[in-house]
Amino acid sequence: MAEEQSNGHKWTMIVDADKCTGCQACVVACHAENNVPVSSEDEVIRGRAMHWMRIERYWEGEYPNVKARFLPVFCQQCGNAPCEPVCPVYASYHSTEENINIQVYNRCVGTRYCGNNCPYRVRIFNFWAPRFDAPLEQQLNPDVTVRSPGVMEKCTFCIQRIRRGREQANIEGRPLEDGEIIPACAQACPTDALVFGDKWDENSRVAQMVPSERQFKLLENLGTEPAVYYLKGGETHVGE
Amino acid sequence: MLESRATIGPYWDEPLPDDEHLARQVEHGREEHLMLDARPPAELNQLTLARMRQTGPRFWIALAGLGALTLAFFIAWAIQIVSGLGITGLNRSVMWGPYIANLIYFIGIGHAGTFISAALRLMRMDFRRPIARAAETITLFGLACAALFPIIHVGRIWKLFYMLPIPNQRDLWPNFRSALFWDMMAITTYLIGSTLFMYVALIPDLAMARDHMTGWRRKLYSALSLGWRGTEGEWHRLEVVSNLLSFVIIPVMFSVHTGVSWNLSMAIQPGWHSAIFGPFFVVGALYSGVAAVILVMIIVRKTMRFGYFMREEHFNAMGIFLLILTLTWIYFYFAEWITNWYGNLPLEKAVQAMLTGPLAPLFYLMLFCNIVVPLGTLWSRRVRTSLPAMLVIGILIQVGMYIERVLIVSGSLSRNELPFNWVNYTPHWPEVTVTLGTLAFLGLLYMVYTRFVPIIPVWEVYEGQAMQGSRRVGRAVMSTRTEVH
Amino acid sequence: MADFLLLGLFDNVETTADVVDEVRALGVPDEQMTVMSHVPYSSKIFARKPVRLWFLPFVLGGAALGALVAFFLTYGTSYLYPIEVGGQGLNPVPPTAIIYFEMISLFSMLGAFAGFLLQNRFPILTRRMYDERISDGYIGLEVCAPLAVAEQVVTVFEAHHARVIKREDAAAFKPQGIRHLLFWGAVGTGGLVAVLVPLLLSYDIVRVPWINKMDDTVVVRAQEGPRLAAPVGAVPVQGPVFIAGEPATAPLPASEVSLQRGQMLYGTNCAMCHGLQGDRAGAEVGKYFPEIPQSLGARAAILSDQDLFRVIRLGRNRMPGLAENLSPGETWDIVNYVRSLGE
Amino acid sequence: MTHLTRRDFLKVSAAGTATAILAGCAQETERWVALEPYVRAPEEQLAGIPNWYASTCRMCPAGCGIIVRVMNGRAVKIEGNPEHPVNRGKLCARGQSGLQLLYNPDRVTGAVRQGERGSRKFEPLAWNEAINTLYEKLDAADQAVAIWTGSATSGHLCDLFARYAGAVGAPAPLRYDLTSALNSVGALAAANNALFGQATLPGYTLAQADVIFSFGADFLGAWLSATGFGVEFGQFRSQRFGKRGLLVQFEPKMSITGAKADRWVPVQPGAEALVAGALLRIIADEGFGGAERAGLAAALAGEVDLDAAAAACDVPLADLVALARAFAEAERPVAIPGGALAGASNGVAAVTAVQALNALAGSSGLGFTPALPTALAAPGWSSYAEVQALVERMSAGQVRLLLVHGANPVYDLPPGSGIADALAQVETIISFNPLVDETSALADYILPDRTYLEGWGYEVVQPAFRGLPVVSSQQPVVGPFHDVRPTGDVLLTAARGIPAAAAALPWTDEVAFIREQITALPKGASGGDDDEVRWARFQQHGGWWPEAAPESAAPELAAQGTLDVAGAAFDGEAAQYPYYLHLFPSVLLGDGRGASLPWLQGAPDPLTTVSWQTWVEINPTTAQALGVDHGDVVRVESPHGAVEVPVYVFPGIRPDTVAIPLGQGHSDLGRYARERGSHALHLVGAALDDVGANLAWSSARVRVTKLDKKQALARLESTIDPGEDIHVPF
């Protein structure tokens, strides 16, 4: 159902696992753009690290033929999102315009049902009130709420940027151009491993990358129809 | 023994037969069965009401203890609200913990009450009569405590009213597609239903209390008994409405625990996403519920000295019931387990591996409490009728079933699709305090309640006794049952 | 003629039944008799007409009401508030079924209970003929009869050793119609209030300062102070001219209108130094500043548009910046005008 | 109609984060809020519309261009400058975190005096008084003044300091800190000088390369210009026709570059030269890549024991041959030396050996920063030998005044260097650092400079990419957040009182100086004919660079003769100290500056996902032998010192090596860094390398003993072993 084209956009992210160096630039960029608080050492130890986007590292093989694979994981903006229907107050719902999965902090009562039902575990719960030692709060992005304790939050594809971009385009009375809107993570990524765009715009970069033979979706078997596509890491072999 | 004589004079002074061999049989029957051991109503009324008013030092000490624990619970809850859920042990993968397990558990023990009195009433089982109300009371307060937990559990309690289907300036309505909303509906229905059911059956006894009490209690009871006089019409309608309510409330009861289980099984979480959860949880609930009823029976009988009303026969019957439920529960648990085990899907296996691995102590303790002990003992009548034994078994089953709930909720959650995010869960002090405190709260409510209403449905006992008589068949005396209604 | 209410207590069913027969023989109709007991003895035990029951309409009515409520909670809300979740569609059947089941059950139970209350006229708010010993096992027989018959009834009672015989003037027992109306009225109003008060809250008519930690955010939002000074001399990406989003590289087309406006503005803002034609002719102030170019047009020719723009707005050497006097558009008009000045 | 409005309400709330709707639930805020009347808005501020300022990142010396998003006069986001030739619109985690340096809660908010060194009791000082003090001290010290700058010092300050020193006849300012040591700029420059006669840092063009052999250089992580190389790497992986190139990483401990490599070769520490030599030898012997290349290889390669080389790599010889062939037969192969190997006792030799590989294919991927048309040049780095010289002078009491800017000697040097005692001999120490770091804690005065987001400057980028010389601009993006003065102005003002200096430093303020330097440059890519415009464009576009790279031939191999492939020497008996110590800069904390920024502390290390802590990486087999597991605290002991750190069992490291990240273990530097983790530099001696110029910081052996202590590691990853059945989802 997620695929039927409407007059809206189908915002899509491509993650090239072959290029991701795990350098955490996207993670920090996300913290900076979305006012995500930093969790203390103890919180991390208790398994409560707050990152809207995390880079999962998986080991393969044994020394000396060991490999480390990086997998950036953030909200997959599922077409059929498991987190949406379970919310009793519609805090998590599907935007018919951006075709992404949206979390309305103000509605959230914190049942954390969505968090359980997210197979990607990308939904973050505010266990404490967010803390920004003065004057660090001067940096906070005015386009983004600071979430109150007891609220679920997650990656929004930097919807504040999507909105700004679209309003700007409306003001100038032109259609959105590809690459005009870039989320903080993709913007920062040095190797260009993250590509963002509107899949329904045929000549956008993502539209051209999606058909790649390296393409796969995370946990595809669950049928959640993510809006995030991954490109498998390749390998060049040496010698015979 | 002459049928004619049985109806001359009140049913409670049936004379003994002349033949003393038969007489001994009759007397034996009276010792055995409450229904045959008819006493003058005045006496039973006095017995019940006297216990209702008695409050010894032991009572007050118990009350104080429970009260203290309850206070601790509310304080812990307040702290949690102020400082945020961070003080609990929950983490980014295990977002549901004991609070949800408690919800399931308390609804569970609340389950048997209404079931026993409603189902057995429809099936005209007489052993229900003296224990029906004790059971229903558990339902009432069990549900009340359970209903606390969704509230304790949420992150922004001050916004909880968003979940209520009331019109509001935000133009928002709750999402009827959410299992939580179904659950809310089911619990409300069940709570209201069982309250009505209990109240209806309570009216004649309240009237009785009104007739024998003075002062404020008399005022209270005359208000509550709605002016009951016991006319044929009133009695008849009472019978009918009780049957109607029993009829509706049984499916509702099933729906309640199914709804609770669906909170879990609607999620695509390995260890949860299983169609068997509905019936499985219902059975589990009945299991722990019946055990809870037995515990309450024992406590009530001991503390209120109701040896006359609650006899071996009742414990025996409940014991058998419990045994049947044990087997059913084992069947369901096994079905669920073998399905996951045989299917051999990595994640389901991971969940089971965790249960038999790091969580093995809890897991095997659970099996011991829920399977080994009941199966090993309940087949013997001596055990079933011995109060201490039943007390122990009942408590063990409570423990076992509670562990089972926690394992299902938090255990499963700590395993998920991306192994990068597996996090184990350990409870912190708030969970512990709140859980114990709620148990105490339940006990507190129950204690106070027994001092305000007759915990024995006396009129049902009369009714049974009026129905039961004994007649001679050949050389033996058999108990007979005549519908007076 | 005044009726009398009689109440006799008997200690077993048999006797009561006999009494009932004899009283009936005295011509007292069944309706005038009531048997009260501590045990649900059915009417046929006393050979009396069975009690009539009206439960069905109540239960069905309740069920229907429940269905309505369920309809609102499902289709109703999704119509009032259409919203997509999880690709389930607006009105998926299975959840709807659940809500229907619960609501129908709830309201049919309430219906049954209401039926119970109303048929029994509960709560009974006036005095009734009753004796407390009934709940101790005696069976009471209440008879309502005119004086003459009452006498005979009493004799019948005595004949069967009634434990107690009460007799009172029926007028002492009023019907409770009015009181019931008041009672249910009170209940209704209570219910109404119980519905209205939450609405007052949920519509913010009565404001409770709910804790909403998201409103008092630490973020410095648009127009919130204290305003911080901009870096002096720094040049933003938008260009040398401090106008956010206003590129210094896109002049207005040099249309007639623009040129006229430009001329006007030039006259008021620039001419006193540069002269009306940009040649310092008649520029009073200009006299004192030799560095003012002889021909502004010629000077402008070697400058790019945005440089002109920047110079006008920010000033240069001794020439003051006019940023505060001119809007960007006006500045562009002047640029165009200055360009139009000949060498 | 209501339907419509409801839809709109949805749309709005869809913004979810848009602060507008947060007024949704009516509610008075407790915070004091002053609404600014925008009737006469200042030109540069429009409500809700951001300003962007271009500037230069100073979190490391790479000189990436940044654009900063400013709202309400507050810097809220740093992004890469899309026009900038170095990072081309991208930015690393450290660059992003610059904001937290600007708004760091522990910044020194004004000039202060410290009564007793190390007491950390600072009494505020009026600025004119402070400048006066500086003047008096400078005047008194005359020639006995030493200036110590580092990678956080803007280019213009280095120039000003240099001019001052020159004017008063003091020795030239020192430019040295841990970053320069870890980047082993000395060894690189020396090697390039020996091979190509170019004593500068090498730039590599990877975009078109088809084979990259990287010896220890974590060029994607924390080496030289990681973001620039990251961009190059991205292009390297997505070349035309789906070609993705071959990256082979030779290093004892897997870095993120190693993780991205197609082949990770665990070379024994110190044996890199040997391996490089072996590759050349093989190419020469097998005649790979044609006669010319083979010949060149033969000329360079000396006698190499191939089996020893293979053994040192933990790979069979056949693989080494295959690798050699792949390199030799590649069209555009690149070899990158760097990281720990350059810090070994044979550092220069090793770098030379590796760098020589480039010569095979005519150094196609190798390039050096072309000189600028004007005198403007990148300030050179000092060698460790010069540091030692200064330290000796200080200890000898020949230094009366020490000015420290942008460096943190006490933290940056191994204790063996005796820096602490030397500082004690200095009459006056004045620090210009924005935070109280280990050195400022020993200073008598702190005259905090503005952070790079508040201050002026320029940076002559080195290494440059694709042969483009770049002068990156640095301008204030926000007004000064505290009462702090730009060191340039402070210096210029103080210098006025000193006749010699006054003549050499005639500028009224630093901006005038910078402007003079910049406007001297010819018209660059951003155009601008007169000085005004060029100056404005320089700031607007974030720097100066030519339209196209100046023509420059691929560097010619100047050196002759065979390479020295001797292995490195390590201090500590192998018997006593069985393991090699491999130090590496944390990708996030860099050389330790990042430790004061919560974002960098809180972000997980890419390979271990540990945050906030220091750990020691140990190979699983070794860990088994030692009987340690994740989170067991061990004592790592070298001949020079010892640290206690928790273990991280790390599959990607040689069994004979243990690795510890640098960056933590601060005794100062603010609340986020203080007393956190440990500083592994304490395990390193102060020995010099083979050419006697650079610190051999990677030449220690250690022993590891288990303590019965545990410290839970703050890992983002699961601490549970998923077992065999659970498959990586890709």
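By written order: A, B, C and D. Residues from 1 in each chain.
In this section, a contact is a pair of C-beta atoms (placed from the backbone, for glycine too) under 8 Å apart; a residue touches a chain by one contact, two chains touch by 3 or more.
It should be emphasised that the depicted structure is a prediction, and the values quoted were computed from it without experimental measurement.
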Most central chain, judged by mean C-alpha position against the global CA mean:
A
Longest centre-to-centre distance from chain D, chain (CA-based):
B
So using the touch definition from the top, which pair is joined by more C-beta contacts, C-D or A-C?
C-D
Chain C and chain D have mean C-alpha positions lying a whole-number Å distance apart equal to 58
Rounded to a whole Å, what is the gap between the Cα centroids of chain A and chain C?
34
Taking each chain's centre as its mean C-alpha position, how far apart are chain B and chain D in Å?
68
Counting in whole Å, what is the centre-to-centre distance of chain A and chain D, each centre being its mean C-alpha position?
29
Which residues of chain B are in contact with two or more other chains?
159, 171-172, 174-175, 177, 417-418, 420-421, 423
For chain C, jot down the residues that touch at least 2 other chains.
80-81, 83, 85-86, 88, 204, 210, 212, 214, 217-222
By the touch definition above, chain D meets two or more other chains at residues 6, 19, 22, 24-25, 48, 71-72, 74, 481, 717, 729
Which of the residues in chain A end up touching chain D in this complex?
16-19, 21-25, 27-29, 31-34, 38-41, 44-45, 49, 51, 54-60, 62-64, 66-71, 95, 97-98, 102-107, 133-136, 138-145, 156, 159-160, 163, 184, 187-193, 216, 218-219, 230, 232-240
If we count contacts the way the header does, which residues on chain A are in touch with chain B in the complex?
43, 46-50, 54, 56-58, 71, 73, 82, 85-90, 107-113, 115-117, 119-121, 124-129, 148-152, 219, 222
Partner chain A, residues of chain D touching it in the complex
11, 13-19, 21-22, 24-25, 48, 71-72, 74-80, 87, 89-93, 95-97, 99-100, 102-105, 220-221, 226-227, 230-231, 233-234, 237-238, 244-248, 254, 256-257, 259-260, 262-266, 314-315, 318-319, 321-323, 325-326, 481, 587-588, 598-604, 606-607, 609, 611-613, 619-621, 651-655, 671, 712-717, 728-730
Contact set on chain C toward chain D in their complex
80-81, 83, 204, 207, 209-210, 212, 214-245, 302, 304, 307, 310, 316, 323
Any idea which chain C residues touch chain A in the complex?
81, 83-89, 212-214, 217-222
